[in-house]
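Structures follow.
After this come two complexes, each holding chain A, first together with chain B and then together with chain C.
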Partner chain A sequence: MTDGATGASLRPPTVRSGLAAPATTVDRKVVAGFVALAGAGALAPVLPAYPLTLLTQAAIIAVLAMSLDVLLGYTGLPSLGHAAYFGIAAYTVAILATERQIGLAGCLVAALLLATATAAVFGVLAIRATGTYFLMITLALGMVVWGLAFRWVSMTKGDNGIAGVPRPELGLPWSLAAPLPFFYFALGAAALAWGAMGVLVRSPFGLGLKGIRESESRMRALGYNVWLHKYLAFVISGFFAAFAGVLWAYYNGFVGPADVQLVTSVETLLMVALGGPGTLAGSAFGAVAIVFLKNFVSVYTKRWLLILGAVYIGVILFAPRGVLGAFSREPRGAP
Partner chain B sequence: MTRIHVRTLAAVLSVALAASLAAPRTAPAQGGPIKIGLLAPLTGAAAALGKDMLNGTELYLDGIGSQVSGRKIELIVEDTEGNTATALTKARKLVEQDQVHVLTGGLLASTGYALHPLAEAQRIPTTYPVMSSDDLTQRKPAKWVVRTGWNSSQSMHVFGDWVAKTLKYRKIVTIGLDYAFGWESVGGFQRTFEESGGQIIQKIWTPLNTNDFAPFVTQIKREADAVFAVFFGRAALQFVKQYETAGLKGRVPLLGNGTTTDESVLPQMGDEALGIMTALHYSAALDNPANQKFARAFEAKAGKIPSYYAETCYTNARWIVEAVKAIGGRVEDREALLTALRRVELKDFPRGPVGIDRWGNPVQNIYIRRVEKVGGKLQNSVIATFPAVSQFWRYDPDEYLKQPLYTRDHPPCPHC
Partner chain C sequence: MTAEFWITQAFNGLSYGALLFLLASGLSLIFGVMRIVNLAHGSYFMLGGYVGLSVVWRTGSFAAALVAGALAIALIGVGMERLFLRRLPGQTLGQVLMTVGFALMFQDLALLIWGGDPYTIPVPATLQGIVTAGALRFPTYRIFIIVVASLVGAVLWIVLDRTRMGAMIRAAVDDREMAQGVGIHVPVVSLGVFALGAALAALGGVIGGGFLGVYPGADFEVLPYAFVVVIVGGLGSLPGAMVGSLLVGLLDNFGKALFPELSYFTLFAPMALILALRPTGLFGRA
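Up next, the complex of A and B:
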C-alpha cells in the first residue's frame, strides 16, 4: 500500500495515490479472507469436536491479533500491553455475568466502554513516545492492569480467576452452550470486526495512519494532526481488543490473570509478526496458525515451544514481512 | 524466487493443517482401550509435583500390567504448566480429541473450580486427586466430580483443634498463599482453633508468585506463640528457609498445613525444617504394610521418597481401576462409571482406610506429623492419628453448609 521511499518524497501522499496502485492485491486478500471464512463456516458441522473448539478459539484470537495490527502494522506502534484491554473486557464480562447475571448486551456495552476508556487514558500517556520507549510504556501500563487482576482480590478473585461464566442467551432456537452454534456466533462476530477494521484501514484516516508509519515528520509537514491520528488508532485498537476479550470470556467460561499477562501481549505481537504486519488477513492467519500449532504440536511432543520458536525464526529469515506479507506484491520501504 | 518457496511452504502447511483437522474421530468401540486423561504440571514452577503425580499414576498402572476387565488401559498425559487457562484447554483436548473415559489430575484448588463447569457440561466422569477446592463437595456439589484426594480444610479442622488443646498455644499468626487453597486451609484452622480457645492475632497473605518472603516474614508479630503457614512447592522451600534466616526459628515455633513440609519439598530442605508440625491425610513415614510396599516401589521407580502428590495419584489410579472393575469394564456407560467411582471404599490404601461421603469427598485418617531426622534424612513422623475424619469434622453437615465458604475475609479476624 505504501509508496516506495523515493516516490513518496516527490508526491504528496493524497488519498488517491494511496489507493490506486495496489488495488488488486487488496482485493485478493479480501477474497482470500472471505474464502477462509466461508470454508471454516461450511466445514464446521462435519469437524470433530476438538478442532471445532480450536477454530472457535482461533476466530476470537484473530480479532485480538487484527486489533493489534491496526496499531503495529498500520500505524507502526509496537504495543506490549495489548492484553490489558482484552483482559479488562473479559474481566468485566466475567464479573457482571457471574455476580449480577447481566445478559450479553449489558456485558458487551459495559466491557467495551470500560476497556476503551482505559485505552483512552493509557493512550494519553503512551502516544507521546515512539519506538522502544513506546514499547516500554505500554509494557508498564499492561503490567499495571495485570497487577490489578492479580492483587485486587475482592474484585477479581486474584489468582483464582473467575470461573463459571455462562454462555450468553440470545433468545435463538439454538443454545450457545453447544459448540457449533457458539462457533458460528464467534465466527460472525470475528467477521464483523474484520469488516469494520478493514473499512477503517482503507479509509482516508487509515491511509493517514500508514503515512505516519512511513514518515511522521512528512505527515506533520503536510498538516496532518499526527498525535490525534496515533491517539485515535490506539483507542480504536483497544476497542477491538476489548471486543475479542468479550468473546473470550464467553468462550472460555473462565477469566484469570493469565489472560492479562505479558505473555498474552507478546504472543499477540508474534501472531501479527508471523502473519504479516499491515495486513489484517495476515494477522488473522498468524493467530489461527499459532493457536493450531500450539495445541496440535503439543499433542505430539513436549518440545512444542522449540518448534514454535523454529517457525518464528523461519519466518523472520525467509519471510520477514510475515507469511501473508510475502504474498503481497506491493513494495515496502524499510520502516 | 523467495515468493515461490514461501507459497510452497504455505501450501504444505495448509495441507498438514487440513490433514490434522480431518483426523478420524476415534470410535469408542467396546473392547478398545480404556482411556484415562491425566492433567499434570510437567513444566513450570510446579513441575516437580507434576512428576510425582505422573510417577504415582504410572506406578499403579504398570503394577497391574495396564489392564483391567480384559481391556487395556491407555494413560494420556497433558501438561498444564500449573496454569488454570492451560488446564482448561488441555482438558477440552483430552475429552474432545482423545475421548477419554475418565478425566483426572490437576493441581491448583482454583483450577478445580474452573474445571468443574467443563466436567458438568461434557458429562465426563472426573476425579480430583489433588485439587482440594472445598466447595465442590460442599455448597456447589459437582455431580461429575469425585474427589479421591482431600479437601483443603479437612485436615486443618483437626489440626486447629489439636494445636489449641494439645500444644496449648493461645496466639497464632497465619501466613499463607493468597488464593482458594490458602484461604480454605487457614479458614479451617482458624475456625477450630478459635473455637477451642485460641486467637488468630494476624493473617498475612502472600501472592502465588512470591519469590522473596522477607517482606512478609518481617511483618510477623513477635508476641505470637506460633506461626501457622500454608505453602507448597517452591514457595514452601523458600519460606521455611527465610523463616530461619530471619531468626524466627527456635523463637516462634512453626506450624503448617501438610503441603508445607510435604515430601515433594522435604528432601530439598535442610535442618531449618526440623520440628515443624503439620497435618495431612498422608505421610511417607506411615508404617502400615500398604504404604511400606508403595514407598519402596515408588523409590525404586522415581529415586525419591513418595510425596502426598505421588500417593494420591497412585491411590487415584487404583480407585479408577476398582470402579472400572465393579462395572465389568463397561466404561462407555458414563452414569454407571460415575456411580461406581462414588462407591469405592477400601481399607488398604497407603494413606490408610478411605470411605466416601455422600457429597463425594473421602472420609479418611488425618495424621499430625512432626519433621524429624531419621537415619540422616528428614521425614514427617506421625505423632497422632485421627481416624475417619470427614470434611465436616465434628460439625453437623447441614449446619456446616449454612456457613459461607472460607475465603480471604471469612472467618473474620476479631483478634487481629
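Up next, the complex of A and C:
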C-alpha cells in the first residue's frame, strides 16, 4: 500500500474528454471568438440602440465569465462568490468617480488594487478548503461583500445604490458618453482581457493549473506548489473580475447591491457551465447567450425569473455530461 | 450599556438563533447525507411562511399552519430530490446551479401567487403577551420559538443518537458507500433526510413569519445565515448546527445592535476566523 495507490483510489485518473477538449475544438472556439469580435465590431455602427447596448453589456459580462473560467474551468475550483471582486471594483469606481471626480486611470488602478487585495485575503481562507467546503466558503465570503454593500450605507448608499457614474473622458474626439464609442471601448477592453487570460492559460503556469485540476496529488508528487498555483489562480481570477467590474460601473452608470449578490455569482457560474468550462471563448459565448436571453425575455414577460430558473435546470439536465462532468471529481462519501 | 441591554440583546440573539436552528439543522443534515449544496433551502423557509399564511387566513389556526407548511414543503423537497437532484450524484456545480434554478422559480411563483406585499402571520393570542421579570420584558412569542427549537433539537438528537433510523442516517453521513455496503438503503435515507430538512425549514418559515414577516426576498436573506451556521458548526453535525445557530444568532444580534453598519462583518469575520483555525467547522470531520 503506497501513497500513490491511495491517491489513485481517491481521485481516479480518468481522461475526461469533455474537460480536456481536443486542440481542434479549442482552436475552433478561438476562431469563433475572433469572428464574433470582428463581426460585432463591424456590425455595431448599423445596429439600433438597444441591441448595441446589450452587446456592450455582453462584452463586459463576458470578461466576468472568462475570469471565473480561469478558476472554475482551468483550476477546477467552483467559486460561489465571484461577484464580490466585480462588485468591489464597480463600487470603487462609482464612489471615486461621483464623490471625488477621479478620472479613468485613478479609478481603474484603485478598483483593481482594492478588489485584487480582497481576492488575496479571501484566497488565503478559501484555498485551504476543497470541494463543497470551497463552495460554501466562497459563498459566505461573497456574502460579506454583499452585506457591506447593503448595510454600510454611509459608504455605499445601501439599497439605493450609487447612481450617476459619469463615463470616462479619454481626450479623444469621440465622447464615451455616446453608445457607439463606448461599445468600442468595452469591446477593446474585453478583447484585451481575453488575450491576457488566453496567454495565461496557455503558459506553463496555466498548464500547471490544468494539471492540478486533473490530479492534485500527482502535481504535488511532481514537485508543484499546488497551494500557490491555486492561490494565484484565485487572485488572478479576482483581478479580471475586477476589470469587468470597472467597465460595468462606467457602462451602467449605476452600482447597487444587486451587482454583488449571490445570484450574480451563480449566474456567472451558469454562463461558464453553458459555454463549456475550460474554454475562455466558450464562457464568453455563454455570457452573451445569458445576457441576451435575460434581456429579451424580460421585454416580453414579467415572469422572466421563472424562465431563467427553468434555463438553469434545463442546462443542467440536458447539457452534455462532459460539460458538467468536470465538477464531479469530489469522491462521494468524503468531503 | 446597562445590564438590561445585554440581557435583552442576548435573549433576542438566543431566540433568533433558535429560529436559525430550525432552518440550518435540515440544511446541515442534507449536506451531510447527500453532499448537496442546496441553495433552495431559503426558498423552503419562505414558501413555508407563505403556505402557513394562507392556511391561517383560511382556517385561523396557527397550529394547522405549522403542520400544513411543513408537510407541503416536505412534498416539494421530495419532488426535487426524487425527480431532479438524484440525477446529479456528486456533481457539486450541477447541484448548485439546479437548486438556484429552483430558488429563482420559487421566488417568481411566490410573487405570482402571494404578490409583493410583506405580511405577518397572525399568531395566537396566548403567544402575543410579554413576560416581565423585574425591569426585563421578554415577548412570549420569542420564548415560544426557543421552546420549539429546543424540542425539535431534543427530538432530533434522540432520533439520531438513540434509534436505529438515526444510526442509519449517521452511517450515511460518515461513509455513504460503506453504509450502502452493510445493507442500508441510502437513497431512501437521503429522501427522508431531504424531506425532513425541507419540513424543518418550512416550520422555521411559519414561525419566523410570526415576527420577521413573510415577504419576497426572505429566501435569499436567510440563506447566508443558514450557510454560516453550517460552515461554523460543520457539515452534517447536529451539535454543530446547535452551537452554530446560537453563535450566529448572538453575533448577528449584537452586531446589529452595536455596529449597525458593519453588522454582516461582525457575523462573517468570526466565521472566517473559525475556518482559518478549523477548516471543517467546529464539529465537522474531514
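The criterion applied here is as follows: the second predicted complex is superposed on the first by the 275 of 335 C-alpha atoms of A that agree within 3 Å, B and C clash if a C-alpha of one lies under 4 Å from a C-alpha of the other, contacts with A are read in each partner's own complex, and residues count from 1 in each chain.
Going forward, a contact is a pair of C-beta atoms (placed from the backbone, for glycine too) under 8 Å apart; a residue touches a chain by one contact, two chains touch by 3 or more.
These figures come from a predicted structure and were not determined experimentally.
> Tell me the contact category for A:G164 with respect to chain B and chain C: first, second, both or neither.
first
> Kindly classify A:M136 by the partners it touches after superposition: chain B alone (first), chain C alone (second), both, or neither?
It touches chain C, and chain B stays clear.
> Go through the superposed model and pick first if A:R100 touches only chain B, second if only chain C, both, or neither.
Neither partner.
> Touch check for A:N252: first (chain B), second (chain C), both, or neither?
Touch status of A:N252: first partner only.
> Of the partners chain B and chain C, which touch A:L270 in the superposed model: first, second, both, neither?
The answer is second: A:L270 touches chain C but not chain B.
> Which partner reaches more residues of chain A, chain B or chain C?
The larger set of chain A residues in touch belongs to C.
> On the A-aligned overlay, A:I313 touches which partner chain: chain B = first, chain C = second, or both, or neither?
second
> Residues of chain A that sit at the chain B interface in one complex and at the chain C interface in the other, please.
Residues 150-151, 153-154, 327 of chain A touch both chain B and chain C.
> For chain C, which residues count as touching chain A in their complex?
31, 35, 37, 39, 84, 87-94, 96-98, 100-109, 111-112, 175-178, 220, 223-224, 227-228, 230-231, 235, 260-265, 267-269, 271-272, 275-276, 279-280, 284, 286
> Would you tell me which residues of chain B are touching chain A in their complex?
So the residues of chain B in touch with chain A come to 2-3, 5-7, 9-10, 13, 17, 20-21, 23, 25, 42-43, 79, 83-86, 88-89, 92-93, 96-97, 110, 113-114, 116-118, 121, 178-180, 207-209, 408-409.
> Report the residues of chain A in contact with chain B in the complex, numbered from low to high.
Residues in contact with chain B: 43, 47-51, 53, 57, 150-151, 153-154, 158-161, 163-164, 177, 252-254, 256, 258-259, 289, 292, 295-296, 298-299, 302, 318-319, 323, 326-327.
> Spell out the residues on chain A that touch chain C in their complex, using ranges where they run on.
Result: residues 72, 78, 80, 124-125, 128-129, 131-133, 135-137, 139-141, 143-144, 146-148, 150-154, 261-263, 266, 269-270, 273, 303, 305-306, 308-313, 315-317, 324-325, 327-328, 330-335 of chain A touch chain C.
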